[in-house]
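In structure tokens below, several structures.
Each of the next two complexes has subunit A plus one more chain, namely subunit B in the first and subunit C in the second.
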Partner chain A sequence: MLTADGLMVFYENMLALNNISLRCDEGQVVGVFGANSAGKSTLMYTLSGIILDIRHKEKMRGGERISLFGDVHYRGEAIGELKANQRARRGIVLCPERRRLFPESSVLENLKIGAYLASRDEARETLGYVLELFPPLKKLLKRAAGFLSGGEQQMVAIGRALMAQPKLLLLDEPLLGLAPSVQQVVVEAIPVIRDQRGISVIVTEQYARPVMPHVDYAYILENGSTVLEGTRDELLDNPDVKSAYFGC
Partner chain B sequence: MAQARRKERIDRGIKVRSDSIYALSSWEEIAYLLGPRALLIGGFLLLPVVLLPSPYWSRVALSVCVVALLAVSFDFLANFVGLVSLGGAFFYGIGGYMAAVASTELGLPPVVAIPAGTVLGAAVCTLLLVPCLPLRGIYFAIITLMYPLFMTRLIEATEILGGTEGFRGITGFSSRWTEQYGLIVVTLAGVFALRRFLAEDAGLVIRAVKDNDQAVRASGINVTWTKAKAVFVAALFGCFAGAYYVHMYRNVGISSFALDLSIMPIAATVIGGSGTLVGPLIGALLLVPLSELLRDFGSLRIVVYALVLTGFVVLQSEGLMNFATRKYQQFERWVRV
Partner chain C sequence: MDILIYGFIQSSALLLMAFGFSLVYGVSRLPNFAHGAIYVLTGFVTWGLVQRLGLPLAVAIPLGLTTAALVGVAVYQLVLRRVRGMEVSEVIATYAIGLAILEGLRSLGLRGTSRSLPVFSDGVVFLFDVPVDHQRVAVVILGFAMVAAVWLFTRYTRIGLALKGIAQDERAAMMLGIDSDLTATVAVALGSALAGLGAVILLPLGSVVVEEGYKILIYAIAVCVVGGLGSWAGTVAASFVLGYSQYITVAYGKPHYQMVVMLLAIITTLMVRPSGFFGKQKQLEERV
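Take a look at the complex of A and B:
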């Protein structure tokens, strides 16, 4: 469904992504794990096209020069030069790190904003689905999103991404700053979304432990390079992964 | 992939070598460091001599300094304190009127009247602006835009401060040279002093307020008080420009609060490069003579510099100074990825 070949991203002279190749098949959940500075967020920006926008802004204000190399193909189409909004139209939707909700809008408004690309019927149907997926949101629809707890905000962010009718959902650090019990709620929604909506998911996380059981295939990044990749079972059996991410 | 190349930016060797003061070991390095400063200072100091044959252009050179002072004040407030001021004219006018009162009513000579007008004017401006300092957002911009209009109408309607006539018969300068060098030296000294001030601890706090005022507050620093001090510093620049100009033309009127005086400095800052302090100086040096050359076109010249301004914002929003600094300090080369 989505393949990335030899992605390289330079922030000025610093190499943020070094020759990353990644593949996500239809109906797969793909995990990307790594510590801070591994390049997870840059990878998500590159796949979603946000990086083109960042590059333009930096250029205009005379900041860092961002150089991009490599190809991204989505359903047989080269999308490396497409802007983020064009990619979203094709079904690649990013749920950004730190959620980036519209803090002064209500939860309902946040979800509706997400549905800009959807038809009226789709929006109504998806809204019902999101509330079913995250029941706590039902009572919060009128509340300003900025005043919700971290877990609730994350639910809204995922819901907002779903409203855009994605075919491929990019989740950037969905567990950031969440309590373990809330992490479980969010993580368990991922396979549900995949099974019920047929949406493929690429999820990045620092915490492999809660997410790993739900992915089909995973990549482990370190300093911008893929150091390990494999199916869930291969990685769970790997002694390096065990010691680094599971502490045993 | 084999042929993929990217452009790399690397600091010049001489920049790296002369970055640390201990490493200065040759005239070349000293020249590299001092060259641009010397060029700027020397260039400004030579202006009165070069323009000696033409009194008109000498006056234009002083207008450059006035706009430069207002632009530096705008740049300082906008890019170091985080307050967008649309009221350069307010500082300018208050400083001008203060100096005019000091000169005509109290009979003070320029040497006293100008500093007095500057400091008192800055104090008045700061006091009037303090109420909106605790607020974030566009309130400061709105208030500073309104004050000059408010002052104009107030003076017109109540006939205070000489009414529409203004003040005349202000004592002038003793000679042409004092007049010119006084302003040029203070402008240059002011810019470099402000740069030094921002590099000190006090400047660090001010810049921190711009980045994250909540974190500054959490460190136990009074943000409003810090902003008030910064506004006072910025107002000093604007009020000095006004006070000096009033003494040059020996009269003052409500045109001191004209919108032009708020807009020109902003344009100069954008052209010269925001956040550089020296950039606005260079912007003023380009923009003011340009606007004088276009004087024949009447009000059409506003169109021209609106176009220049728009062009810079769209095509070169970093401004000349940032661009030049980068070229001076770094070189580029193609490298294989």
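Take a look at the complex of A and C:
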């Protein structure tokens, strides 16, 4: 469904992504794990096209020079030069790190803004689905999104991304700053979304432990390079992974 | 009672002058310094349609507003798109466009105070024994109707919601498929049309002159700075604070101190509370 080949991203002379290749098949959940500054968010920005906007803005204000290399193909089409909104139209929707809700809008309005690409019927149907997936949101629809707790915000953020009718959902650190019990709710939603909506998911996380059981395939990044990749079972059996990421 | 009613009218007038500027800045972070020029241009276009071509006001006004919106689209697509993100260039470019329009009009021979737009309806009503002419009633009604219309637009329409998304977090909106060039074009066009709306309502109270363009720009900037750049609620609040200050100054002082009020308001705000009444609230951002 999505393949990335030889992705290289430079911020000035700093190499943020070093020759990363990644693939996500139809109906798969793919995990990308790594510590802070391993390049997870840069990878998500590159796949979703946001990096082009960052590059343009930096150029306009005379900031960092960002250079991109490598190809991204989505359903047989080269999308490396498409802007983020064009990629979203094709079904690649990013749910960003730290959620980035529209803080002054209510929860319902956040979801409605998310439905920009959806038809009226799709929007209504998806709204119902999101409330079914995350029942706590039902009571919060009128609340300003900026005043929700982290877990509630993350549910809104995922719901908002679903409203855009994605075929490939990019989840960037969905568990960041959440309490363990809320982490469970969010993590368990991932396979549900995949099974019920047929949406493929690429999810990044610092801590592999809660997410690992739900992925089909995973990549482990360090300093912008892939150091390990494999199916879930391969990685779970790997002694290096065990010691580095599960602490046993 | 005089002060209460005429202050209210002055406030609504400021709202009509400033809301378009605030809307454009709020959505796309573009300071449209051609705002005053578009205001005057709409005035002249409508004047030409009414007084020269003899069209009825009901036809001329929509045509005038459409012209304003089209000028807005042209300004964004031809100029602003290329310099967007370079803040100083945005200011210089829009200010230059404004100058070109205003001085262009002047050099076409549109000087003096002989041109005026007809009022909607001639007549006077008494509010609490204070005489108010119909046009000033229209200023208040249409000022509030404009805010209400924009509020409904950003709440219930797809493109309006997109504007709201872009205004709050541009990149997050882009991730959802919203095109920031499209929303910026819509915002500039809408802002220009609102400037034009202000013109066709307010200019009948005076005459259509080029100098008005500079005045409107300064008023609009003063209202937006005091209210907090990009905040719509702040724009409404600041219109009232400044509208009453202006009217009180006129009532107890001299009319030409009006401009001083505005400039003092800008300076005071920048010294005391640079983000204005309702500047973007930082504390909401980092809640984890």
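Note that the second predicted complex is superposed on the first by the 248 of 248 C-alpha atoms of A that agree within 3 Å, B and C clash if a C-alpha of one lies under 4 Å from a C-alpha of the other, contacts with A are read in each partner's own complex, and residues count from 1 in each chain.
Following the convention adopted for this analysis, a residue touches a chain if its C-beta (ideal position, glycine included) is under 8 Å from a C-beta of that chain, and two chains touch if they have at least 3 such contacts.
Since this is a predicted model, take the numbers as computed values, not measurements.
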Fit or clash between subunit C and subunit B when superposed on subunit A: clash
First, second, both or neither for A:Ile113, with subunit B first and subunit C second: second
Of subunit C and subunit B, partner touching more subunit A residues: C
Contacts of A:Pro103 with subunit B and subunit C, given as first, second, both or neither: second
Subunit B versus subunit C as contact partner of A:Phe69, first or second or both or neither: first
Contacts of A:Tyr129 with subunit B and subunit C, given as first, second, both or neither: neither
Partner chain in contact with A:Leu94 - subunit B first, subunit C second, else both or neither: second
Touched partner set for A:Phe10, first subunit B, second subunit C, both or neither: first
Which superposed partner A:Tyr207 touches (first subunit B, second subunit C, both, neither): neither
First, second, both or neither for A:Ala164, with subunit B first and subunit C second: second
Against subunit B, colliding segment of subunit C, chosen among 62-70, 206-214, 224-232 or 242-250: 224-232
Subunit B and subunit C footprints on subunit A, overlapping residues: 60-62
Touch list for subunit A against partner subunit C, complex: 48, 50, 53, 56-57, 59-62, 83-85, 88-89, 93-96, 98, 100-105, 109, 112-114, 116-117, 146-147, 150, 153, 160-161, 163-164, 176-177
Of subunit A, residues touching subunit B in the complex: 6, 8, 10, 12-13, 60-62, 65, 67, 69-70
Sites on subunit B touched by subunit A in the complex: 1, 4, 6-10, 317-319, 322-323, 326, 337
Touching residues on subunit C, where the partner in the complex is subunit A: 83-87, 155, 158, 161-162, 164-165, 168-169, 171-180, 284-285, 287-288
